[in-house]
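For reference, chains read A, B and C in written order, and residue numbers begin at 1 within each chain.
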Amino acid sequence: MSTHSQVSSKAAARAYLAPHTIRVRRQQAIAKGVIWAAAGVTILTLVLIVGYILFNGFYTRKVQDFPVTPYVEERVPIAEDGTTMSIVVERSMRIRDITFPKLEEIYTGRLPFLGYLTTQNRQTTAVVYDGDGFAAKAEAFVLSEGRTFDFYGDDVTYAGSAEEIQSILAENDGTIALVPSEMAEGLRHGKVIGLLQSTVIVNPEILQLQGGRRLDHLKLGQVADLISGAAPAWSDVGGPGIVVQEQDLQNNIPGVYDPLPAVPVVPANPDALWAYFDDVYDDASDAPIRENAVTADGLDEYINTVMETPGAIGIIRTKEAMDRDLPILQVERITHWLNLRPQLLFHAPSRAGAVGGLSYIIINTLAMVLFVIVIATPIGVAAAIYLIEYSKQGRLVYLLRLGTDTLAGIPSIIFGLFGMVFFAQFLGFKTGLISGTLTLTLMILPTVIRTSEEALKSVPRDIRDGSLALGATKLQTIFRVVLPAASPGILTGVILGIGRAVGETAAILYTLGSNLALLHSINSPMRVLSVHLYMLIRENVSLPNAFAAATILVVIVFLVNYTTTRLIGRLNRMAGQ
Amino acid sequence: MKFRKQFERTVETLFFVSALASILSVIFITLFILIEGLPLFFHSATDYPPPTFFEFFFGTEWFPTDTPPKYGIMPFIVGSLFVTAGALVLAVPIGIAVGVFIAEIARGRAQKILRSATEILAGIPSVVYGFFGVMMIGFFLQNFDDPIVNYNAFSASVILAVMTLPTIINITEVSIRSVPREFADGSFAIGSTHWQTIIRVLIPAARSGIITGVILGMGRAIGETMAVLMVAGNQPTIPTEGFRSRVRTLTMAVVNDMGYAADDHRVALFTTAIVLFAFILILNLVTQIITRRSSIKVQ
Amino acid sequence: MKKAIVLLSLLMVAGLVFAGGQQEAGGDMGDGGQQSIRLSMGGSTTVEPIITSAMEIYRSEVDSNAELSYDAPGSSAGIRGLLDGTYDLGAASRKLKDSELEGGAVPTQIATDGLAVIVNGDVPVDDMTIEQVASIFTGEVTNWSEFGGPDQEIVVVNRDEASGTRGAFLELVLEAVYGDEAEFTLNALVTESNGNMATMVAQTPYAIGYASLNVLPRLREAGGRSLSINGVKDDIENVIDGSYPISRPLNVATVGEPEGDAKVFIDFLLSDRGQEIVAEAGYLPVN
């Protein structure tokens, strides 16, 4: 029909060239522009929202402060004799590198749970290779003087051979092992991760409060800027200056400061220390080290120089900074990884959802959907059958329709309150699966009834008449003839209802509950996807997991849309035949 | 035979009872909300007198845990109406335009895509909209100086506009389609162009339907909870800085406090819910009247 | 059509079977002939990470059949729920009020927490006196220029009325400075959890709020900072030695002295393993 009207409109426009044609054309252009723009805005909004959620659902990027620089080593020299150490972890662990302080925590027994490092629910099994004097060297490397492995616990396992380490790797999914580099590559069930163990140290004055401000971390690249002179003074990176006049808030006197130049301290000998400096620096910049650099020979002199030269900045091994309690600057680091992956769907959530996957949540959601279908479908379809097949148009039917329409317009929070008062308290079902399901049933009933009504209406009269003429009763006709013919339409209604139930939050927060556990009985309070998403955001538990949950919800919306469109298409084709 | 008839009768009764389910639910919901909420005005659990109707509706102070407690929900009523109005200002023009586009202008693939887009927009859960809103606010706050997108009425209105859009689009589309074809043909016959026909004939003829859509959209906006809760700022005072003010709506007040409220405070939340419910019922009634009037007109 | 239904029901069944399997795998030490404990708990959002982790670990390491649940409507609601019988165990992130103690609630401290004053990255201050902090939260000072910063309005972010963190902050900061009549300014963003407080403060320019120490890593990730108070940094060490002024106990409470299932769970919380969980959640163990 629109083709017809378009053609006729063009013909009409051509034939009718009155004086006001230009004005009409202009009006048309404006109207056309507005309408196309509106359509564009709608599509754009959808693409933006869905795209943003899906993108972040699958890909996570994080900027964090670390007490180490982003320089990663996989073969770490640990002794004068050239022994190098590698860190091997169980292969499926989601970790690419580890900072030195965390490594120390693990081997002193202070990090029994690896979840916050790997986002997986894993208990630490710390292992060290014990052969050729390696364990002693590793211990001397990892721990400060006077400490031994197991400082706080007795969890570190000494393994005498590669085979033993392999079997531990195979048995414990939280295994981390310190082994000689030559052994590392050959270990089955394991993978090598890098160590971050260089730290930016500064003159203590840099970390002092000045005018109410204090520098506590550097952005990426700022280390190199300070060393190369791209950022000549500390104030360029938010640091302090040389005091000319102290700030005085009482008398409203602002502080006045002169720029304090950054002074890189460079090791004199090309020894291990130099390697750190050079590598970290090279990672970030090609520019030459600025000319005011100070040279220092040997570790002690190096540290003394940094501590005593105003504005000094240097890079040393994290352990040396920790042992001497030196003033360090945190450095920002960007990490990124694949977020939504099969493991996330099949692993149990832990630590309020910060660690692990979504398996409980997904199973709970499925159970809820199952219950809602089982209760809502018969009631909804029966209501539709009554309205279409039995009732005569009149006041009663008008009233029934009015009821359905009103129910459809009631906000979900009201359903939630009603469910809480009526199902959970008045009927005594308590917060749990039954109250939640019944509340949701009421919510989706109008959708199911209306769609089923449409579906029943679309079944041609003749089919019914034919069946009745063959001697079938009305009920037989309905169940054997009408319902099968209308089933795609009814299914559409049910699927739309499921879509609504899965996305609902306000109505189930106080009826289904938010207890993060797997359902274990017919009426256990539990948490479903939408509530989990809300809780993750509300408690700021884990943004990546929140995006993953949101992505699953959006995918469900797409699935619902896809199936209903297909079903309606089929229904239309059937009605057409 | 007799048994069979009886069976059919029983099943019919079952169907009838099912058909009663929705109207019964409405009655029960109304009843229980009233039972829980109305006692606020009649007796108080503390030594202080219960609030009067006037104090409750026009009071501007909400201190439910103070002694004496103050239950004034004017800020929430104003907040709800304010964000809803904002949402409609944004959504109505776009919604009507897109509805017209789908019904009259787009064909084939464009029509299909837009229709799917509308359905998907309608299907996205409100908590996901809220999540997106929070992220959107974060983006604007990080990249602009004093952006209007903040935890305030503006953000809430934008999110609500997106959420009401599908309702308005759908109903506009349906009502424009249901305008008898003769109207358009008549318009073409006197030499109007397609656009003139849309603006001068089709939209006016579909007016009542479009108004219904807007009112339904309004109902959705007033009743929306999770999305606004996450972005509107939650400040329980009357908005004074226009769209930059942080607001608490009726729904937010209920869901925010329900977790811990007790005694009179809890009752007051149900009374707040009654007000919300009354708004929704009035809107429903208006749509009923409009639909009835228009159907009489067409006949 | 039929296929779709069959597929759907198969999926459900698979899900439920999988669920069963998971639960069985969850733990198998729960058979000492002993009755499994049943506790319905609720209260503070601050204590929530401790209790939920403890519940999970109790189920996986001690008794897989234990029926434990925790709601987080806030401290006041938790204790009220305890007293009216909704909960067997209430959790509060503050000292119990006199009225609550009179009602029969008996607190057991399971951890200590420092309250950090947190600010947005734009805020031009890194240290404040406790008086300055109080003056901001009562609404007396509303502009950063008073602290030598730019002429920008201070955006106060506050917690909701049910919050124990709010109660503790009122007591430790506002009432400590201004006396018992002190009240929070109304001109504030209001949020209902510790975590969301961190998000809001980190997002909103010139915002200031307060939260438990355990949100600090997330706060820093999101771009916010915490202030030192009277020149003392909000480190765990400073909270332990008492030099950091704003710290509070985290309590669980029972009606009367703890006994039965509640005692079993409290003992677990106070055991080495339980205190490990406290530390893991970012709070200070009591011993």
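Miscellaneous remarks
In this text, a residue touches a chain if its C-beta (ideal position, glycine included) is under 8 Å from a C-beta of that chain, and two chains touch if they have at least 3 such contacts.
Not measured: the values here are computed from a predicted model.
Centrality annotation: A (chain centre taken as mean Cα position, compared with the mean over all protein Cα atoms).
In terms of C-beta pairs in contact, A-C outnumbers the other of B-C and A-C. Between chain A and chain B, the centres computed from C-alpha atoms are 30 Å apart. Distance between chain centres (mean CA atoms), chain B to chain C: 34 Å.
The centroid of the Cα atoms in chain A and the matching centroid in chain C are 22 Å apart. Touching of two or more other chains is recorded for residues 537 of chain A. Across the assembly, chain C contributes residues 71, 192, 199 that each touch 2 or more other chains. Residue positions of chain B with contacts to 2 or more other chains are 134, 259.
Taken in their complex, chain B has these residues touching chain C: 64-65, 134, 137-138, 141-142, 145-146, 150-151, 233-237, 246, 248, 256-257, 259-262. The touching residues of chain A, when paired with chain B in their complex, are 1-3, 5-6, 8-10, 12-13, 15-16, 24, 27-28, 31-32, 34-39, 41-43, 45-46, 49-50, 52-53, 378-380, 382-383, 385-387, 389-391, 399-400, 402-407, 409-418, 420-422, 426, 442, 445-446, 449, 473-475, 499-500, 502-506, 509-510, 530, 533-534, 537, 546, 550, 553-554, 557-558, 560-561, 564-565. Taken together, the chain B residues at the contact with chain A in this complex read 4, 7-8, 11-12, 14-16, 18-26, 28-29, 32-33, 36, 93-94, 97-98, 100-101, 104-107, 110, 113-114, 116-121, 123-132, 134-135, 162, 165, 169, 181, 184, 188, 191-199, 216, 219-220, 222-226, 230, 251, 254-255, 258-259, 270, 273, 276-277, 280-281, 283-284, 288. In the complex of the two chains, the chain C residues touching chain B come out as 71, 73-74, 76-77, 80, 84, 160-162, 186-192, 199-200, 203-205, 223. Residues of chain A that touch chain C in their complex: 62-65, 112-113, 116, 209, 211-214, 216, 247, 249, 254-255, 348, 350-352, 359-360, 362-363, 366-367, 370, 487-488, 491, 513-520, 525, 537-541, 563.
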